[in-house]
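Take a look at the structure below.
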């Protein structure tokens, strides 16, 4: 019967109540990347998740990456890339491409998507009001790859206070007449979360979370255990910067850090609004 | 599989998104009565519904009745009642009992229930800040049964602005040294909704809604049709004051009026957050 | 001659000027009880006093008791009472009566009275916004007699900021599905005064104030002297909780505590607005 | 007995309650002049009256004159005066003396007096923020005697909003490099009252009020009757500008105008806080 | 002598005083384009001008174009362009390039430049908070070239209220899953100026202003004269959309419109802060 | 050519940009006296300077003296003066003259001048809101010459917050019925600057600044060097109180103190807005 199904729906809604209550008016920083940012269907779900958080009184802040699109455009433009330590050295012309793709294309695409699901999103980069400042990483070894030196949290807080959802591209201001810096999105997310004294930071990845040596999902982890897992090689490769970013955020006062599977639809809701979440929670 | 079930839950949450968006920051007045107010399990569900509305940014205002409990206490105290036109004449001593039950017992019970589900509810009567004023109905034919003459909406709005959920007992102030008036809760709800320029008014009843001459639920109704249904006798008895209250609210600018089945758990959510609702909607 | 008498009146008004100046914008907590709450003429004078304080810029907060009315209703309902240590054990049914009388009858009667003398009073109990929380006193020896564990001062301050006079019934919230606690009004007044960092707390009693061993009024007293007077038996009986409440308030930062004769008309004004006051002032 | 006398005092205070309530948050403009401004004892009483109004929530605005002190200083400085139509022609040097006496001496004396009775008074002239602008009266026939062309009410309202009592000397700004204008204090008071949409304007004079042809005090008067009384010669001499100022104020929306006897101590309180007042009330 | 030169400088500063006073707190919309946007030295001067306006209390809003850079990138990417009515048809891939260049490159470059001269600039496009909405121009004849249908002025005003300088790229939001629209920057500037009820709109061009049939600068012009000049062919080519934008802005309430020579350094200051300005002023 | 000259003007404006940026929203206290206050042309320039500071977002506070005008009026009134330690003993009658000249004449003249150049100035003395309190200097040796005991910075800050430029006459309140005190304007300026935590204090004098033993201008000075210069007699006479005032201000946290030549037109601008300033800067 129809009414019974409706009641069942209402009960499901009610299961979310304790979480809605718990995170009310709290800031949650979300590093958006991977498949969740590439697959059209997942993009829709992501936007729905964020707008739901926004409407139930949570304060989401999005920081996105943009790897593949940058490479694509660089290729089309036939830029030759030099690599050092496995990192592409960012020349001034590469930086221009990075900025166009991150700030002009991806950033506004996400912003637009959120707005059309009912949010009031604003897309910014660290150059806006110069709110993220950086210097060259390792004295310029990688060109315009930057190391964040300062975040002006008031700029972001003012936007949140006016009910905007800030969508942030990982670009930093480098000073007068400087083309700016390309910064690692994971670390940027971590530092923004710290600056905003966020309740949570969530990393959307293309893995189920942190896996132990038997490739089984680690549901919860103390931040101290990260070091051991790195030493033992369980954490490796692309997961290293993410866990470093988690560690840094937790060290500086963020409530908890989450590495979740962006390939699962509504993964953010599942992490925030269900009892065990779906990925790895680091405390 | 577990993750699939969770995703299903998230999808259900998403079904509510358009409604959450639509009623964001809107005031919804709810006349609370009948079984929903008597049955312990339904009371819990009611409180959950209201707290959910509150947390997702809707502004609920509750107005309650209290019929049976008043009769019970009058009986225990062995008060003899005189009836005129089927209405119990409210003497000064009866009024005292009415006020104790409504303002001291039921009002605070609802308030307490909401608070313990995570709201910030405050229980008031029309005597608080004298925000509801009345005069004797029909020149005192029924004793201290009152006819509302004025509602000071600013008092309620100020409380809402401070994030309170107002829980209102249907008692009006009658002036200096006056014991106050007992007022009809349905009409009080209607007038409060008008004064607050509410988006919706919802009546919780012990029927599925308005039924047509074949006892089938009427899902939607234009307010003009109410008159016809009354003339034809389809609307009768206790439903008359409720439909009158609906008519009055709609006439004075409230967006829509709903008569729903309080015996169905989460009926408020079902009405607000699903496509067809569950009771009768009058526009 | 008429004009001379008027001038005399104006001079009397002027005598109050230094006190009006001194207490401007200060919070004064008043424990209202005894004859002042029972005698119709004294009730009027009390209301006038409070409204005058309110209009000249003082912030009054009222906490009332309600002993006799509770007993009356319990008697009418033929409740049998068990006594332990001279205290009536509060069962759940007794609690219901206590709450109806305190929260539904007395509280609203005072609120109404103040409003009709020109104030904007709001009647609340500790259950509203759960602003007073308690646990069972002495592990439940006296049933639902409570021991205050927390007062959320912000709730009361917000109401004061909106120009309300809070009128508080001494009932505390006990948590989910809990019927609440009956709390001692003197102690509640003291704790509310502390939470609000009040300038003064005034207890209206049916005695001229504290009397020394020769039954002579003690005009002023250091708070340390209370202990001596208790040891020597000069303070005894019902005066013990009141002096304890005074001591507690002063210890926690309230400016001064006053025990005055509520049987004297305008006793509050006399205490606040004349040089020596009329009762006992404890510093 | 002492307590009885105190109660009598409290009752007197209570007689003022309805008036305190009535004028709460209302602006009252007071033209201060005559004996009340000259006699040391009356000055004290005046200051007490104003501070009492201020503390009980009324918003007083003072406008003063200063006739004799100006003449005294002009005499000492051996200025010769030319008279036209009975008015002293105000040359630039006379204007300088007028400004020193009004703005430097009298204005600050009143301000100081009010402050030391507990107010927060600020002394200004029409030159401050150029809030009163004027042009020469009758095309300069009387030199720098001015005719008010504009009052910037916001300047005064802003000061009131910061809890200042504005004390205004009747001098207007005349534009760039202009020495300013001497303006009639009665008319200035009237225009300020209109600009502030005051509840009342009160003129302190050295008469009991308006007297009828039998030299009996006229207690109340309709504004239309002023014309008749002028035509019949009952209103004459120095009373003409005062009644004109009253008429103008009432025409432009001020609630009532009062001409009272400044020689009576506490005359302002007597007028505001007693049933019949003491002078003439024009409606 | 040195001091004399300094005094001369101070005098020059003083010449600007009347203009600083006149435009205090007024909104001035500036269409930034042409050489002023291409030449490094002129860019610096432009930024200095804007920051000076900002610091002296004027509210600048920048709208920029970006023609050549878009063509350059399209060429590098070897996009073939179709032209209709002389307009390049904007396909979805072209739109992506447009958005990257305008929103990611040029917009942030200007923002950065302003910030490093001491402003607090924020770079946005019409997609942010969807504040500019458009539909396809001429039913899609030119692809994703848009026709503005709505501007949400509150978004921009909120940013100005937080002391941001908004730097706006001429891109509009087209609705759900829509890639957005490319909009004419001149018209966008005009519509934004109207929506913000701006005091002035200034167009930076590569001409001295409007020239008459003898190629002489027209200093001032009534808006009605524009039509004549168009009819007579004096206004032609690229100047037509600019004059149309001026006309539209003036029709809808903007105070004045200015077409000035962006090739002259500090041209904005010269127009705003000197007596005759330097270009054409249309009233 | 005309345009070149205009551009030169714009460049001059730009030279001021770094200083405008640096002092934005900062409070600058200016002791106004000497020729700059006497010479009509210099008065105009002074007013222009102050209004320019005001419009570009700096918060000027003026404190003035008035020596000669006081002497002139005392002479005209044939007051005989007694001198002690080279200071005129201020009797009550002298005080009255001082107050009339300072508060009534000079103060309002400056206020008026500023207003007519586009500011919103308000003239006050220490008696307004009793914001400067003093006691007799050296136990009354000099009569009513006062020694500042307290400055209520909030009064001045509130006026600044309402966009007023406070113009302060150096008179202090002395308590009830006290005629007030004459205070040294240099010291008053210093103490006001400290109370307001000003960025700078500037003394306008009739010398080029501090001169060394060769009568050459000392451009910058550490505050510690003042003592040496006093000991060596380089600082002497009227410069002693000024340097003492500077020293006091710097000791208590004011950013820098400046002694400049008020005889040079636009000297305030030259000091604030050019690289080396024109007088002596003490850090």
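Here are a few things to note about the model shown:
Order as written gives the chain letters A, B, C, D, E and F; numbering starts at 1 within each chain.
In this text, contacts are C-beta pairs under 8 Å (C-beta built on N, C-alpha and C of every residue); 3 or more make two chains touch, one makes a residue touch a chain.
Nothing here was measured: the structure is a model prediction, and the numbers come from that model.
Here subunit C and subunit D face each other with the same set of residues for the most part; over half of the interface numbers are shared between them.
Rounded to whole angstrom units, the spacing between the C-alpha centres of subunit C and subunit F is 55. Subunit B and subunit C have CA centres that are 34 Å apart.
Each chain gets one centre point, the mean of its Cα atoms, and the points for subunit C and subunit E are 67 Å apart. Across the assembly, subunit F contributes no residue in contact with two or more other chains. Read around the assembly ring beginning with subunit B and moving next to subunit C, the chains appear as B, C, D, F, E, A.
Of all residues in subunit A, only 76-77, 96, 99-105, 107-108, 111-113, 115-116, 120-125, 127-130, 155, 158, 162, 164, 171, 173, 175-178, 180 touch subunit E in the complex they form.
Within the complex, the subunit D residues that touch subunit C are 3, 6-7, 9-17, 20-21, 24, 48-49, 51-52, 55-57, 117-118, 264-266, 269-270, 273-274, 278.
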